[in-house]
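Shared between the two complexes below is subunit A, which has subunit B as its partner in the first and subunit C in the second.
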Partner chain A sequence: MLVFTTRVWLVFLVDAAYRAGLNPLSKRRVHRLVFLSNCLAPLFQATPNTAQIVKYKHGPFYPLIQWELDRLATMGVLTIDNIKYTHDEKGWWVSSDYGAGQMMEPILSHCRQSAYGQRLGEYLNEVVAGFASLRGAALDEVALRDENYNQPGATADSFIDFSEQEENFSLQTARTFRSVLPAKLVPTQKEELFLYMRFLEALVARKTN
Partner chain B sequence: MANTVIRFPVLKRLRISGYQLFPGTDGKGIDHSFERGVTVVVGINGLGKTTLLNIILRSLLGFNEPAKFDPHDPAAGSHKMVEKETDFFTSRTANLAKDAQVEAEFAFGSDRLKIIRHLDTLAIEGLFLNDKPVTGDQDELQHEIVKASGLATLYDFFYVVRSFTFFLEDKVSLIWNPNGQFEIFRILFFDPTKSKEFAELTDAIKRKDSKYRNLRVYYNKAMEELKRTEARTGSKSTVTEELRLKRVDVNQLEESDAIIRRKLEKALLSRTTILEQIQKTRLELEEDSRQQEGLLDSFFSRAFPDLPAVVANILNHLDGNHGCLVCGTANPKKRHKFRELANQGTCPFCETNNVRTEKVGALTARADGEIKQVEARIDVKRKNLSALEEGLKKSIELVDALHGERAGNSFKLITAQGELEQLEAKLPPSQEELDQKRKKLDSEGREMKNLRLEIVKETKRYSTLLAEGRKNIEQLAAKLTKSFEFYAGEFLAEKCKLSYREEKRRLGEEGELLNYPNFHINMTSAVSPRIGTARMENTQVSESQKEFVDLAFRMALFDAVRQPKDGVMLVIETPEASLDTIFVKKAGDLLRKFGEDGSGEPNVIIASCNLNGTGIVRSLLGVDTLDKKAVKEEVPKKIINLLELAAPNAAVREDGKTYLAELAAALSK
Partner chain C sequence: MPTDISKLDLMKEVAANNLNSIPAAKSGDPRAFIEAAVNWFGRWWYLRSQWETIASGYCALVLNHEFAANGVPSSFAEKQFFRDAPDPNLGGHLHVSDFSLSRVFRDQGGHADADSIYRKLKNLNLDTAPCVLFAPETGIMLTAEQGISGQVVPSQLSSFDGNLTVPNMDALITGLYNSTLKFPETFPHIWWKKDKYIPIFQAEKLYQGLLYIHLKGNTQGTCIVVREEQTNAGRTDLTITSLNPEIAFVVEMKVLKSFFYHALGMPVKSFTKADNEAWADSGICQVCDYRTAKQAKEAFLLLFDMRKKHAVINKVKVRCTRESIQLRKYDIFNATARDIRSAKTKRSKTR
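After this line comes the complex of A and B, so read on.
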């Protein structure tokens, strides 16, 4: 069951990215989007695909997600291109780009027929829309500045578990914005998500400057 | 007799400007001067008749209302006044009555008071006493209005205006409601300073009566509790043993809970550790796999340079034994076969020989060795991962089992704790507990006793004041009954008399029975044509009798209270509502007669009427008693025609001519 949920999650993400003009998606960007969408899922009453991650030298990366990405590409649901193996001081790495494959549309139509699929699709659309609205230079950096990923005390290979909402610092921060806004201005979930993305973008800018 | 001089408000002129509901014929709103006698506010449903009467009412009262006021039980609440903000006049306009204003000039005896209020906030914008401006804050200005009436308090002023002068659809009955009747007697006939004290005493006694009854409920409960506690004395031996055993049970269950909790914490920690190890191993495996694939890819991409990315990916995965991307199998059988075939110059898919070009050499021994080293590392990590995954599975099972065990133990613990509490409640009380309960009961008993004494003392004073007031009323009884008989006789075919008696009622729910002055009516009927019967309830008379008996009583009261040269005012909403044809004429005659009576300041009757063919407009204006000239010259001065002055609603827009024709017919000679 989890395999199917993961695949649906990925298909919706790649589709949303395609619609937001982020096509094709680099492998690195897919993993970072999966990570951000996992962190902020409770904001939209969604269940994260996975709420644990190990900090990694290449940024957020999920081996199981990678396997499913390659499977989907083989099935023709996604496209894969520019596979490139590199070897540097960080070790071996393979980069590739993923896009919308020929089989994607019928699968999406099928998924949207269920209430769960509809809700998940709407949520992931919002995540990607918020992500895509950021400055291009910040896109691949924001996940690294995320409040869960960059939580105090975390070292280069820390295991991060945000399955409990009180330990999900990204969620807590996104929900904090309502307390600093004027009394009558209650942000919607979507506004909280966008504000959080902007907050990460500002962190990236501060680090760069 | 009371030495109060009460001046009733009599409207002399009304100007309403800037209010969208009443634009007037020229956009300047309504400006009407009131003549002696009856003025009719003519309209149809929805044109604003009630709103116009309310504007007159609120020009006197503003937002002030008693904290609780029920027209059907008018004296039930306290005499405390509050500002009740409502949307009286804003809700029917598109601009929330911005810039709307009422300017009302009233006579209070020989004094003239001009009140200017905003209609949105009802704040007093200007107040003029005999043309001289009065200054002060809102409370002071409102107090000046009350002062002009000679009444003691804002509440009394409210009650006289709302329940006596105004006879609105939601009206207070003064004849059928003994409490409402007595309240007007207190205001009109008691000595003014004593009337205020009397009202304060009324509120205080009612409040204390209610508090006393509440206290008694608590006192009785505490008494029962003490009795139960005292009954436990002597029930020691078996309970103590049971209690001891139950405490052992609870302790054991608490210990078990602590043990399970510790096991659970350990299991959760272990689960997280394994999870972390799995994730880290997967990342390491990923790196090794990519290295292996990278080394292979450099060979395959040289051997088959035109392979599409997706096929190259499948090939790398298969040969590296990283699963079949086509079918999803994790450990495909043809490991190394693809590499071997390619190394021999054979296509790894269709096995055709000599497909590799001369320029591309076979996999070097060094590269092959490097790949094999990585493969060895991968194998170790795969085994580790497999063991970890097995460990995670067991860890999850253990966590689930411990959750279940803890839930079962918690249920037993809660049950045992409940049983323990029950047993503890059966234990004989300590002397300290008994003393505490007795002390509390004594204290509550004393408080009740003091309260009762206060009630008795205040009731005594109340009773004295009541007797004085009753005496005043008894002195007026003859005048009042005579006056009533006259007005009632004008309207009713049956003989209707006012009878005075003392009526026993309680103040509060449990106060002593006191004698209150009360007037009720006695009326002849078809079955008792000469003597008549007492009609104590309003259900004992017809609808039209009910309304006009109350009106006749008001008129009689006015006569009894007003100063000889003073005028009075009655504001009546749709008097025709409950009348049949014969009584329409009688009602008109009665109100006209009352309105035109007197040689001093004029009386003013303001009646709102619907154009509904009942003939009430004609009757109230006395068209049949006037000559043509008077009808032409005088009658228009006594009409506020909302068909022309109010913003036309759909009925007026569609049938305005028909309504105007009906009005013209009502006024024709």
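After this line comes the complex of A and C, so read on.
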């Protein structure tokens, strides 16, 4: 069941990226978007496809997600282009770009027939829209500044577990916007999500300046 | 990582700078694109005084996220940094965008008027795509949720200075009333049967949505406009908040009408003077409670009068004065003066 949920998650994510003008999505960006969407899922009462990750030298990366991405591309649900093998100071890395494949639309239509599919699609649309509203230069950096990924004490290869809401620092920060808004304004879930993304963007800008 | 105190300060800064630019509609909904486009044009309008010259003529921002799927048409090129670095020379250009204004394709320009843009959109089969037309010199904006071939709602961006005062609020709302709401020529969709004075079902929602988008467009970079904010006293129609100084205004809207349209069709019940009085009076109670809950400086009750005769309701007027409510009544006509004149001429000829 988890495998199917993960695949549906990826298909919705790539579709949302297509609508938001982010296609094609680099492999690095897919993993970072999956990570951010997992961290913030409880904001929209969604269940993350996984709430655990190992802090990897190349940034957020899920071996299982990679397997499913390539499988979906082979099935024609996604497209895969620009496969390159690169080597830098962090070691070997295979980069590639993923886009919407010919088989994507019928799968999306089928998934949207269930209430679960509709809710998940709406949530992932919001995550990607919030992400796409950031400046281009910050897009690949924000996940590295995320409150879970960049939590104090988490060094390379640390195991990060945010399955309990008390340990999900991204969620807590997003919810803190309820208490920092001026004039006692109460943000909607969408506003909390968008503001959290812009907060990460501001952290990236601070680090750059 | 910043310390806790500076983190909270940064969050406050982020919230103050960004909250008003986030569309309220769901991100996959074309209305979210319309909101994003109006907010972007509002921001552009706010920045325009910094530029020495701006290009004249209408421009358009159209939604089609699949525009480049089969290759970009030869007359278009991708406009880099469209959203993040506003260009003073928007006039005369057609822009095709995704939902987030991330990738925008711009044509070669040269459109002297809105008609030229309409023809081009028709040629590109984009006449049913959600679209906002904008005149950079005058601030006139035409929003077309169902595309340029469907219903188009005009509005006018004004020169709001960021001070949340009663005269400024009046200027903003009156601007929308004069440019859009007053006559059916510019806003026919509010009537179900205009000749019989029957408004559409949930006319208040339509007024609320329109005023919300209008205020958001006009207050980019200055205030925060919230629709249906949850308070202890219920949901406000609109809340407008300025940050420096921190002041809030609450707005409640009611439609006065001669007939009440049922969503399911007939019968159409007549809405009596007593019904209208009670309806407006309920608005006073609501806005008083919102004012208390939000500790708002001012409370506005907007009455959109769609009755046959636009008589003042004295009881409501007196109570508003007593409760210090800013009462504004906007008379909505089912025909322009020209329509009425021509109808009279026809009648006299038949006699």
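Methods note: the second predicted complex is superposed on the first by the 206 of 209 C-alpha atoms of A that agree within 3 Å, B and C clash if a C-alpha of one lies under 4 Å from a C-alpha of the other, contacts with A are read in each partner's own complex, and residues count from 1 in each chain.
Operating definition for what follows: a residue touches a chain if its C-beta (ideal position, glycine included) is under 8 Å from a C-beta of that chain, and two chains touch if they have at least 3 such contacts.
Please read all numbers here as calculations on a predicted model, not as lab measurements.
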Overlay on subunit A: subunit C relative to subunit B, clash or fit: clash
Which of subunit B and subunit C A:183 touches, first, second, both or neither: second
Touched partner set for A:52, first subunit B, second subunit C, both or neither: first
Touched partner set for A:81, first subunit B, second subunit C, both or neither: first
Contacts of A:150 with subunit B and subunit C, given as first, second, both or neither: second
Greater residue coverage of subunit A in the superposed arrangement, subunit B or subunit C: C
First, second, both or neither for A:63, with subunit B first and subunit C second: first
Which superposed partner A:71 touches (first subunit B, second subunit C, both, neither): first
When the two complexes are fitted on chain A, the stretch of subunit B hitting subunit C, from 60-68, 78-86, 96-104 or 618-626: 96-104
On subunit A, positions contacted by subunit B and by subunit C: none
Residues of subunit A that touch subunit C when the two form their complex: 16, 18-22, 121-122, 125-126, 128-130, 132-133, 135-136, 150, 152, 173, 176-177, 180-188, 190-191, 194-195, 198-199, 202-203, 206
Contact set on subunit B toward subunit A in their complex: 272, 275-276, 279-280, 282-283, 285-288, 290-291, 293-294, 297-298, 309-310, 312-314, 317, 323, 325-326, 328
Subunit C to subunit A touching residues, read off their complex: 1-2, 8, 10-19, 22, 24, 26-28, 32, 65, 81, 84, 97-103, 224, 226, 229-230, 239, 241, 243, 246-248, 294-295
Complex contact set, residues of subunit A against subunit B: 52-54, 56, 61, 63-64, 66-67, 70-71, 73-74, 79-83, 85-87, 91-94, 96, 157, 159, 161
